[in-house]
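For reference, the structure discussed in these notes is given below.
A, B, C, D, E and F are the chain letters, set down in written order, and residue numbers restart from 1 in every chain.
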Amino acid sequence: MTKLKLVTIIAEAILEDRLVRELRRLGARGYTVTGVVRGEGAHGSPVIVDPGGQNVRIETLVSAEIASRIGAYIADHYFSDYAVIIYVLEAEVLRSDKYL
Amino acid sequence: MEIFELVRINLLSPMVLAFVLGIVATLVRSDLRFPEELYTGLSIYLLLAIGMKGGAELTKTTLNEFFMPALVTLLLGVAIPSLAYLILRRLGRFGVADAAAIAAHYGSVSVVTFAAVQTFLELQQIPYEGFMPTLVAILEIPAIIVALLIARVALGQVGHWGEVVRDLLAGKSIILLLGGLVIGLLAGTSGLEQVAPLFVDPFKGALTLFLLEMGMVAARRFRDLRRVGGFLIAYGILMPLVNGCVGIWLGNLAGLSYGGAVVLGTLAASASYIAAPAAVRIALPQANPSYYLTASLAITFPFNLAFGIPLYFGIASWFYS
Amino acid sequence: MEIFELVRINLLSPMVLAFVLGIVATLVRSDLRFPEELYTGLSIYLLLAIGMKGGAELTKTTLNEFFMPALVTLLLGVAIPSLAYLILRRLGRFGVADAAAIAAHYGSVSVVTFAAVQTFLELQQIPYEGFMPTLVAILEIPAIIVALLIARVALGQVGHWGEVVRDLLAGKSIILLLGGLVIGLLAGTSGLEQVAPLFVDPFKGALTLFLLEMGMVAARRFRDLRRVGGFLIAYGILMPLVNGCVGIWLGNLAGLSYGGAVVLGTLAASASYIAAPAAVRIALPQANPSYYLTASLAITFPFNLAFGIPLYFGIASWFYS
Amino acid sequence: MEIFELVRINLLSPMVLAFVLGIVATLVRSDLRFPEELYTGLSIYLLLAIGMKGGAELTKTTLNEFFMPALVTLLLGVAIPSLAYLILRRLGRFGVADAAAIAAHYGSVSVVTFAAVQTFLELQQIPYEGFMPTLVAILEIPAIIVALLIARVALGQVGHWGEVVRDLLAGKSIILLLGGLVIGLLAGTSGLEQVAPLFVDPFKGALTLFLLEMGMVAARRFRDLRRVGGFLIAYGILMPLVNGCVGIWLGNLAGLSYGGAVVLGTLAASASYIAAPAAVRIALPQANPSYYLTASLAITFPFNLAFGIPLYFGIASWFYS
Amino acid sequence: MTKLKLVTIIAEAILEDRLVRELRRLGARGYTVTGVVRGEGAHGSPVIVDPGGQNVRIETLVSAEIASRIGAYIADHYFSDYAVIIYVLEAEVLRSDKYL
Amino acid sequence: MTKLKLVTIIAEAILEDRLVRELRRLGARGYTVTGVVRGEGAHGSPVIVDPGGQNVRIETLVSAEIASRIGAYIADHYFSDYAVIIYVLEAEVLRSDKYL
């Protein structure tokens, strides 16, 4: 078992496609999206643009280095204008080369 | 018929009543929830049905009749967002991003309002041109692009611009509306007949169900009404009236029938709540969604549905007598 | 017609057969799954359709005719849960919470059973009063409150009481049923006609689809049958018979037509599986859901659907000859 | 009518056009998404509707007429996967697992293709036997089992074999199709009439909506076309033609009517994309899903829908003149 | 990056609204709900009251102190009568003041 | 609070029933399934067999020992032919006997 970082982003559903593309560019080798999820935070209820859309949760297993790169990128590009949070958990995986 | 009588009749239609029921359900905090998938399914259905019916009727139109109406519709798509932007900046004292964002919504159209005016005219047995769904498609996008362009010029930048324009043109409402039109056009009246028991006959019922959900969506925005302030509330009622009159007037000039002018007026008066919010959220993230969503969904949409449509019908009668 | 013949006809209706298919699919462990959203969508549709149709027919009723039936319905709402509670405590030796929980279910109603009896009568071409959906709304809630009150008195407390009552009154079935009624009443017969291709004509088909899913839901509870014991199984069949007779008798006293009495009897006989479980789970969390859900969904509902309805129809004929 | 003319008419039907629209929406990367639940709901509807209609018509058939067609259908269920396997191994040089996996798909059937040929014949007003849905059920499973058996023999093992066969027999398409048949048979024509406004009249419209989604699903597989190679593309077009002719020929031998032979030919020509993929993924996990899904969904299904059906109709006319 | 607690509650769907309200009262500044989720545990299949309803998963990022307050509260009020579980993970976040 | 392992498996939806059965057999006392989830990894987009199906996420709280037993089992039986990943997080729970 190797230790990796499980990065979780919770964001407005409208950002899903863009975030996934950017994660790839930042070095993530895979990702999993759970959606729709509901939630509230500093922005109150999520900004429902299409009356149907809410939040999505995007998770990606990456190395510690890429995790912090993702964190910095999200903070820079999304924190000011969008309802987005990001957190990082420590995970153990099998076949770690798959994610690196 | 008098305008008051028209409003009364309109208010007592199952569609408007279902919308009111949706509002009531939300206000009494009922556990009634519309599955998101039903909402999505119904909007696919409505768009496709409108397109197909329009397409089948297009087979009876010459391109000739279509040219002038299409032109004035494009004109509306440039004029309304510009006018809306100016009013919001000057009178409303909104910032550039917020003003452009709201202008994009009022320049574009609400397909459900279109469906409602169609239904209204059918009940009054007033005919209108078969190509009106084409005008919906023409009016939906340009205004959003114009409004975003204004912001781009005023702010010096707009994020993800190319992507936003591409997404607009491939947006689901355009695809379904134009796709339905082409299907209706190619399959013709006999093709439409095959699918009429799904796409024509239950249309009003499906619209009723959809408006129940729209009432709930609109009501969820009601608590934002206080936050957005009196100006935007007045704006959400008066701007449609102005735009509606301009639309009727231009429709009349372009040679549309009475029914056609009512539809074009209603389209001009309506505010987008699908294509515009999605585009604006990406292109103008700094604009406050509370403003544009509340104005469009919680003020203008209910106003048009309940009062606007019979009003435009009454106003248009002055042009056609 | 003889009762056996009625049962046979009823068993061979597409609705009952679809319910059986749902049971079979679950028993053979098919991968057939009904999307939850389709279930929710269909139940919104059924409730609204029942309400609207009732409302449109209400326009033909005087308040006069309505008064006595409404009164006996309220009476049923108090009498049935009390009787049910006593039987469950004394004969069934259930604890207070479990007895009150089950009593709440049998006092309240099942809207799908109502839809089934409506359909049955229409096929037999037996008319019934237009205000029956109103009685559904009247009978749904009070019995639950009565049963919870009994528990509250017997146990000295019931958690989240106020909230529970509020949630009951704003519950989705009440909102949709009463909302539909008001829509039907205000829009009138001509309004209903506009949406009939969605809300009237396909009703039986939609009910058939819904019963397919109900069959799967009921069958998933079958393995709990052993656990709940013989008494509850007998109870789930005999209690509806008793309640059904009381309902028919009171309906007859209140001056209902033959069809109306059959409907009221069926309502009295039916057990809730939407409003009651939700309220009971919050207000009486210590009650074992296996008991009330299994009795209501896996015993009484199938019994009424397959045998109860024709039985009540036969029994009522003794009162009306 | 000439074959070209038939193809033209078929291509301009709302169903085929909706399929094309789905492809276009995916290719232009529209944000149009069909809720998965709507897809599931529509496929439940289609299967049940086909079954019920077939069942109601079965009441008019004698078992006698049914025997030979059922027999040749079973024969097809053994012959097609064996032939398909041989061709894929010898000419296509596929490995055992991949060849067996693909063979399973081509031996089994596509219910939507069946619905499409039904609709096509109805528009041409060509009658066909009422028991055809029964043949769909007969043809769906055996071919998959035969193909998996071949792999089992060739590879010496197949994982989870018993479970796979059980899952096949209790699969949702079998349950709904056969269940619908039994419902239709027991409820009879009068029973079907009750639910016709949902299960009969809107059928073509529902099929149109479903094909819109199928177009999107198929198009998502288009980018795999390059990867699967030229042989499989040719195979996906030529194999249906061969199978279609064999089906028509055997149908003719078995005494089917002209319409019935067209249907059996189309069934033989169609490739499964529901039952087969699920079974194969479990029983032959080492087979590459890209091959069988792309061939079935992105090649054979569109080919049959657009060109195959009118072709089989034309080819069958040689046998029946 | 600051360390916070990611508290996860899996509960009968019927409890969602009440739990969210109570989390707020106990000091959570935001939450995310994923639902419907399926599951089995000590109570067997979840108690499906409305045939539609199942379980929901509620997650909230909070300080260690509030996390244990939530744990105690849930144990007290829900463990005896409802099918509810709760667990806590260690998470690293950006902008930690947002959650405190 | 006791420390346990939260094992997460992301797998093709078609495997759900089988995985759940096997988890039980390997000693898990409960599980929670979230699905459908979307994702991409080494196998590209998930192998959508039924056009409807995608991935599911299966989570189970277990002891460290059972966690590694599950890891080994999944690696053995699924890694070669199916799109499946597995990772393990450290979780703190109340009432730990419930999971052991």
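Please note the rule applied: contacts are C-beta pairs under 8 Å (C-beta built on N, C-alpha and C of every residue); 3 or more make two chains touch, one makes a residue touch a chain.
Only a predicted model underlies this, so the values are computations on that prediction, with no experimental measurement involved.
With contact taken as defined at the outset, chain B and chain F are each touched by A, D. Each chain gets a centre from the mean of its Cα atoms; the one farthest from the centre of chain F is B. Between the two copies, chain A and chain E, the Cα superposition rotates by 120°, quoted to the nearest 5. Between chain E and chain F, two chains of identical sequence, the interface residue sets overlap only in part, with shared numbers making up under half of the total.
Between chain C and chain D, the centres computed from C-alpha atoms are 41 Å apart.
Centroids of chain A and chain F (each the mean of its C-alpha atoms) stand 20 Å apart. As a whole-number value, the distance joining the C-alpha centres of chain D and chain E reads 46 Å.
Of all residues in chain B, those that touch two or more other chains are 35-37, 40, 197, 202, 278. In chain F, the positions touching at least two other chains are 34, 89-90. Across the whole structure, chains are in contact as follows: A-B, A-E, A-F, B-C, B-D, C-D, C-E, D-F, E-F. The part of chain A that touches chain B in the complex is made up of residues 12, 14, 18, 36, 47-52, 80-82. Chain C meets chain B in the complex at residues 35-37, 40-41, 44-45, 48, 52, 167, 170-172, 175-176, 179, 182-183, 186-188, 191-192, 194-199, 202, 278. Against chain E, in their complex, chain A makes its touches with residues 10, 34, 37-42, 55, 57, 68, 71, 74-75, 79, 85-90. Contacts from chain C toward chain D in the complex involve residues 12-14, 17-18, 21, 24-25, 28-38, 119, 123, 197, 201-202, 204-206, 208-209, 212. Within the complex formed with chain A, the chain E residues making contact are 1, 4, 6, 20, 29-35, 61, 89-95, 98.
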